[in-house]
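Both complexes below contain chain A, partnered by chain B and then by chain C.
So, the complex of A and B:
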């Protein structure tokens, strides 16, 4: 064996070929089957897509690096289920490009945050966490209420998401900026179309408490309020946590 | 550096830099309504500045043919300085974000000063800025010495070094503006990723072209590691960053994969960024500089073979241990755990090989802080790989995952192993690279060593404590069967450890500043009068073997 190696290390091309071959095996065996084995992701017929406003909010969550301190993956452990709710299923993040499972909990897990607190609580908390949680170590995101949300290219965002596999319709893509406005302005004419295109379960509210304009706060709160609510699958009977 | 280039190479440089400027201009125009435009201006400025610099130096006399009998070390020299500058930036931001966790009001209502945007500047600054520059600079140095061949030309090494730093600048400035893919250690957006692929292909080509001209029949073990680093990082980078941009005028993209497949791909990437960027590359460094400095041959050739192929094969299976108890199928978690545990064998073979090489040279470890840096790095490498295998066990991981224990583990590796082997290697070549007789101050190297060691120990102990406490508090039950602590209770308990961690980081940062000062002062020392027979040869900092050995 060492004699063989003695010859291998005399050939640069041979070394390269061998390194690529040896290093590829693990990934091929562990990753490739995840795309083909059907049980990897559960069936969830009630699974809905993110609305344009929620997509925008998710992008703000990514922009501010929230994932560095908050996970969105409840493990199958008893204390996690009791603290955060039913453990996360693969299907719940199947429209998440990329996933935001996270790796660190400097703050709590957010997989089931949706509808746990009021919109007003979120707005105050994001504006300055220590106004509602004095011991918090989260930064104050005061600029979220100041920044006007960019909605004009949301159609392109939805189209890109469709290209990677999220089932948006042509109608949803064409009306994306309008629907973003409508979802945060329940009294406007645009609000009706949102429920029509995204379902009656969609939250259509004044997320940041102001009707005048659409802010980054509207979008982020809309996203936080839908976390864990895209499908009911996790609340159906599942194997017991360890 | 322009005087090093031949006339044809100067023309090529102007062509490449001009093309880079044009790409920047196209990005600036296409992305004028987007943050992409700002990056366009940065690329344009980099291209223009380079173009003007080459243009002004284009009439300098051509280098003589005698250069072909010497090694080409100018890119290594610049790379070493960039390594130290990125160390100060990356560790400085690291200290700042550590302080933010203790005192969050220091965000001052400025978006780019918030923790979430600064944190990737720290991680990328240290891994890619500090680590990457160290790898590029030392790989050029080691490659030439172990093949006894000069780099193939004078322009592609500069393209790799400067192009790579452009990538680092685009990455870090993007995070501050909020541009990130959110995938840990793969945050840069699609256009930066494509640029890195271009740089990487040229880097690989330099390796192959130099090896093709080697005068040594055997490829030395350090080069196996550098090659594995270049090749596997390319595979990981390309697969994990597959994405569809919103438009050609938009910086934002959506990853091709979603949910569980994306999570597995990300941690296959993430764990092997540790394996092939932060381990393989630095093992290459260790296999050359440690025996050189100790003046002893590597203890066992067979152990190097076993550890090299073991690491190359097994690390690629281990990524799924980042996803224990998640929605990832159980069989993948189990495979990841099993391979992570077995991985201890090749890891300790490398650490053991390094330490056994020092047998007979321990008096040098005692007297020479530079060699002590490298010896300590090997010890920390052994500690960290043991801890890593341990934490990959499912039951242990249930406690450690999501806590500061992971952060402690990472820093035992990053500070104790990666940074120590880098500083040791750097100190050992700075005098010969800059043609000085010795380092400016051996005392300051000693000071740096103790700052680095105490900083690492304080940091790691703080995070071990906070992580284990956090993990235990989350799963403590009252007698009546309810959870004892709210999440915020565990956060409050972390406060003293976060202060201790910031202090440990500060010590380490001070050490890096000491190194920067020491190297700058070394360069500013007068050059020794060249002895005629030494011209063109490396001046060893110390004789390789001491008299009487």
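So, the complex of A and C:
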């Protein structure tokens, strides 16, 4: 057996061929499960897509690095299920590109955060966490209420997500900036279109408490309020592995 | 090749035959201990992949001889935990509030479990000590806005206030200034009047005519929800304005802001997220905090 290695080292081509062979074993083991991914992702016919405002909020979530301290993955452990709710399913992240499961919890898990707290609480808390949770060590994101949300490129964001498999319609892409405005202004004429295109379960509210303008806060709160609410699948009893 | 193998005189090892300026490289074998680790690790890995879900195939994957499934395991352990608590959760479910409150043993469990539940769900807004933060009421000391009997408190937790439940309680303080229901002078007068309700000593420094006018404005616009005596009404969920507890703040600027822009705080609807047992438990927990305060 060891003589093989001795001889192998004497042949450059043989050595390279063996290195490629051995290294590809690791690659194959990582890639092979992807061929059967359809079996690991559950069915969720009621799955909604993120609205343009929620996509914008998700981008802000990534921009501000929220994922560094907050996970979005409830593991199959008793304490997590009892604290946060049903464990996360693969299908719940199927429109997340990239997924934001995270790997560290300095703050709590956010996978089931949607509609747990009020919009007003989120706005106060993001602006300065110490205003509502005196012992919090989360940074204050004061600029979110000041920054006007850029909506002009939201159609392109939706189109990019469609390219990787999120089923946005042409109509949704064409109306993206308008829908972003409408979702945060329930009294406006644009609000009706949001419910029509994204479903009645969509949160259409004054997320940051002010109707006058669309801020980064509107988008981020809209995103946080939909977490875990895109589909009801996790609340259904899961079939056991076949 | 065998003829070229040369043994080092000092270490007794063979050499590789490579020589650099008279220095020869020893061909020391891999230590036996390392081999032992390597072989053990390999045996362990192979055994593990046989026992646990591992190898992907064309149709599905190899599920392992032990049949371990994390989802089944967690469902079982949650069920087991619920069964362990059954001895007292069944009593919380079936007995009425007064019976539970009279049972010291059961209330000890309520205090312990309630604190954890409150911390996970309620503390973000109402504070870990339940004494509220600006915008979110004090649950321990302040009078309740919707009533403090157990059934009412449980119902408030279940449906929330301005929440997402179809049965949610609705309460809205109108935006009297922004929506042009009152003139600026009216607002200034009624704010002064409201200030004196909880701080009568302020009346001395105010114009008596303004206060009288403020009282008129109050009677015409505010009394419908807050009551003629401004002590609040549980039917409307409007707070008592004569005490020392304020949801948003009792300073002149904050009161003026409330009158001008209105208020419509949200308490989420907890039905669906919390089980009926948990809602009942939290009701008992909060009422217990209130009872200890008085």
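Convention: the second predicted complex is superposed on the first by the 213 of 242 C-alpha atoms of A that agree within 3 Å, B and C clash if a C-alpha of one lies under 4 Å from a C-alpha of the other, contacts with A are read in each partner's own complex, and residues count from 1 in each chain.
In this section, contacts are C-beta pairs under 8 Å (C-beta built on N, C-alpha and C of every residue); 3 or more make two chains touch, one makes a residue touch a chain.
Model, not experiment: these values are computed from the prediction.
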> For A:63, is the partner it touches chain B (first), chain C (second), both, or none of the two (neither)?
Replying inline: first
> After superposition on the shared chain, which partner residues are touched by A:118: those of chain B (first), chain C (second), both, or neither?
Replying inline: second
> If you stack the two complexes on chain A, which partner ends up touching A:83: first (chain B), second (chain C), both, or neither?
Replying inline: both
>> Taking the superposition on A as described, I'd like to know which of chain B and chain C A:35 touches: first, second, both or neither.
In response: both
>> For A:131 in the superposed arrangement: first (chain B), second (chain C), both or neither?
In response: second
> If you stack the two complexes on chain A, which partner ends up touching A:213: first (chain B), second (chain C), both, or neither?
Replying inline: neither
> Counting only touches as set out at the top, which of chain B and chain C does A:23 meet: first, second, both, neither?
Replying inline: first
> When both complexes are superposed, which of chain B and chain C contacts more residues belonging to chain A?
Replying inline: B
> Which chain A residues lie in the overlap of the chain B contact set and the chain C contact set?
Replying inline: 35, 39, 76-77, 82-83, 87, 133, 135, 242
> Of all residues in chain C, which touch chain A in the complex?
Replying inline: 53, 56-61, 63, 69-75, 77-78, 81, 120-121, 123-125, 127-128, 133-136, 164, 265-268, 273
>> Under the definition above, what is the set of chain B residues touching chain A in their complex?
In response: 100-102, 104-105, 107, 109, 111, 114-117, 119-120, 175, 178-184, 208, 211-212, 217-219, 224, 227-228, 231-232, 235, 239, 243-247, 250, 252-266, 268, 301-302, 305, 309, 312-320, 322-329, 332, 335-336, 339, 398, 401-403, 406-407, 474-475, 477, 483, 487-488, 491-492
> Once bound in the complex, which stretches of chain A touch chain C?
Replying inline: 32-33, 35-36, 39, 76-78, 81-83, 85, 87, 115-121, 124-125, 131-135, 238, 240-242
> Residues of chain A touching chain B in their complex?
Replying inline: 2, 5-6, 9-10, 12, 15-16, 19-20, 22-27, 29-31, 34-35, 37, 39-41, 59, 62-69, 71, 73, 75-77, 79-80, 82-83, 87-109, 129-130, 133, 135-143, 153, 156-157, 160-161, 163-166, 242
